[in-house]
């Protein structure tokens, strides 16, 4: 499988690349998009969803990127960990914040299994 | 397996329950701790770790609870989703914030698999 | 979906049920087998594989059941956690052993994510 | 750990290698089998199970390989993604089919988490 | 959390419900959508993505539903397993097909871990 | 991200490194600790937890290491699989034991999904 570079991309792909570059203010798109471009419908849909979800809303972009990183670390996706570490740092994640995101992620993974192993029933107060 | 209530708990367990109640300002501990209490060493270690990790630091408690929730949703732990939804709301998560945490979590789980499926190599810029 | 009880089972299914009952010295098979029986080929293949894998070998049956439980807890499979907790106890797992299996399982899930998050490269000594 | 090549393999391992080569019409077995061969019982059992499961039945081999790929992508197993991408293509998966398998896999991973996060109760119509 | 019924839904939510009902030819939407409706933007985006992805293309709807089910089973999402079992049956999945989808899913989950445990390097032939 | 070597480590980090080296009787700590050292609080807490959990108790260190390996293989963490394979071998895991740990891990991952797919209800006998 080969990435699709801008120069070789059909118009529909170029339009997505252009929007990514403009929205993120970057000179080129990263590999994720260049590989996804082999399926232009998935490229377009994924970009539009990410653009909508990651825009500032009730949560700021930094918080969203740290949540994205925590999920990627939990799933063990090397590409995603690398790219969202970079994105979170760009959005303002300090070294101390990174340490805390990772510590919380590790702890949640541990207590998720303690709750599974002890077969803890949900408290009535948490049912609502 | 039965939960260990305060009245039936040995001194070492009561000491942990007391600290949880004081730290969180709650009248009783939730089921997670009452089941973990069957192994007092794990109860004590887990509480001390959570207390340290979830304290305000470079990240505020609300952000930490939302990350905890995102991991629990990714792992599909019903008890943890219920208890950390409640904890995040108590820490200030609005309905709109909940919607965005869940949307980011869902999207990250999707793109983690797109990156896996397309076998995307890590960009040199993300290697450092 | 309904379980297939012995009285209603075709001969090929009965033969597997009989072997499970004899091998495990139990009066009836548990639900897992009664549901799998809807696909007799999968029932037979799964039972033969489990019978071979869980037999005493370089590892004793108790150790194997505790590993089975640790994996089921990691994956969050409620049926498997319940049935393999019971199987491990029957094979000799004490309350203290259960506590330690669960503690190790929780810790491994935590450090797996710390290693992911910090993107730790494999030491040359571990490459071989 | 080293792979076991045909020339160095004991008779029991060679017999499995021969059956794989004949069944799949390939000149050599791939690395998965050469590493598994260190435990001849696991090699034999795994091959016999795969041979039975992946044979044409109610589903054709291409559909089975695409399901295998979707699971491997979900679990993030790099070896399995590489080998089952190749196997699915050999069985007839076109570039467009690959795009759709991956898109469905990504979407399912997303909505699995949306259902978890919103704690959606199962509709009575789906209980049966 | 409560589901949002049609009678109580705002216009933007009703429009999505109407499109789901028309597209799928059902009298009411299932719980997944009624819970997602609390975040109308996520409801709309998720439905539009699913509608596009699950439409007939290089793969037929039955194959897509079986892949969706295999992923849901791998992730252990009870709601998703229930709803996509029903959807796959409605699209034509027979009892025998269900047995094979589940058998392939189970086997893939097993060999994914055998490949991990034996640390099998990717064959040069699978690198391309 | 760079590892922190002993010579460059602050006193608090050196104290942990010293305790690891003494407890494990090794000349240097492995990469996991050198990367974690960027967050001294996480380094200290993680080491103290692991030291307590992995000490001989109701289970011997070899059994604990094999459970650790089974979890790491299930999660697909390459660093953890490499380091805990080495640790388990050092604690006495033979080639035959490794084969059985991996076979049980693979089988558990398979039957976890069969139980999910067939939606097997928990037997009353396993409820207690």
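Think of it as A, B, C, D, E and F in the order they're written, each chain with its own count starting at 1.
The working rule: contacts are C-beta pairs under 8 Å (C-beta built on N, C-alpha and C of every residue); 3 or more make two chains touch, one makes a residue touch a chain.
Every value quoted in this text rests on a predicted model; they were computed, and no experiment measured them.
Any chain bridging subunit C and subunit E, meaning touching each of them, is among A, B, D, F; the list is complete.
In this assembly, A is the chain whose CA centroid lies farthest from the centroid of subunit C. By the residue-number overlap criterion, the interface of subunit A with subunit F counts as different, with under half of its numbers used by both chains. Here B-D and B-C were compared by C-beta pairs in contact; the pair with more is B-D.
When each chain is reduced to the average of its Cα atoms, E sits farthest from subunit F.
Look at where the CA atoms of subunit A average out and do the same for subunit D: the two points lie 27 Å apart. Subunit B and subunit F, compared by their mean Cα positions, are separated by 21 Å. Contacts with at least two other chains are made by residues 1, 38, 41-42, 46, 49, 53, 74-78, 82, 85, 96, 99, 101-103, 105-107, 109-112, 114, 116, 118-119 of subunit B. Residues 1, 30-32, 35-36, 38, 42, 46, 49-50, 53-54, 57-59, 63-64, 66-68, 70-72, 74-75, 77-80, 82-86, 94, 96-97, 99-101, 103-105, 107-112, 114-116, 118-123, 125-127 of subunit C are the ones touching subunit F in the complex.
Across the complex, subunit B meets subunit D through its residues 69, 73-74, 76, 78, 81-82, 85, 101-102, 105-107, 109-114, 116-119. By the touch criterion stated above, subunit B contacts subunit C in their complex at residues 38-39, 41-42, 46, 75-77. Those residues of subunit A whose C-beta lies close enough to touch subunit F in the complex are 76, 95-96, 99, 102-103, 106. Listing the residues of subunit C that touch subunit D in their complex gives 1, 41, 45, 49, 52-53, 128.
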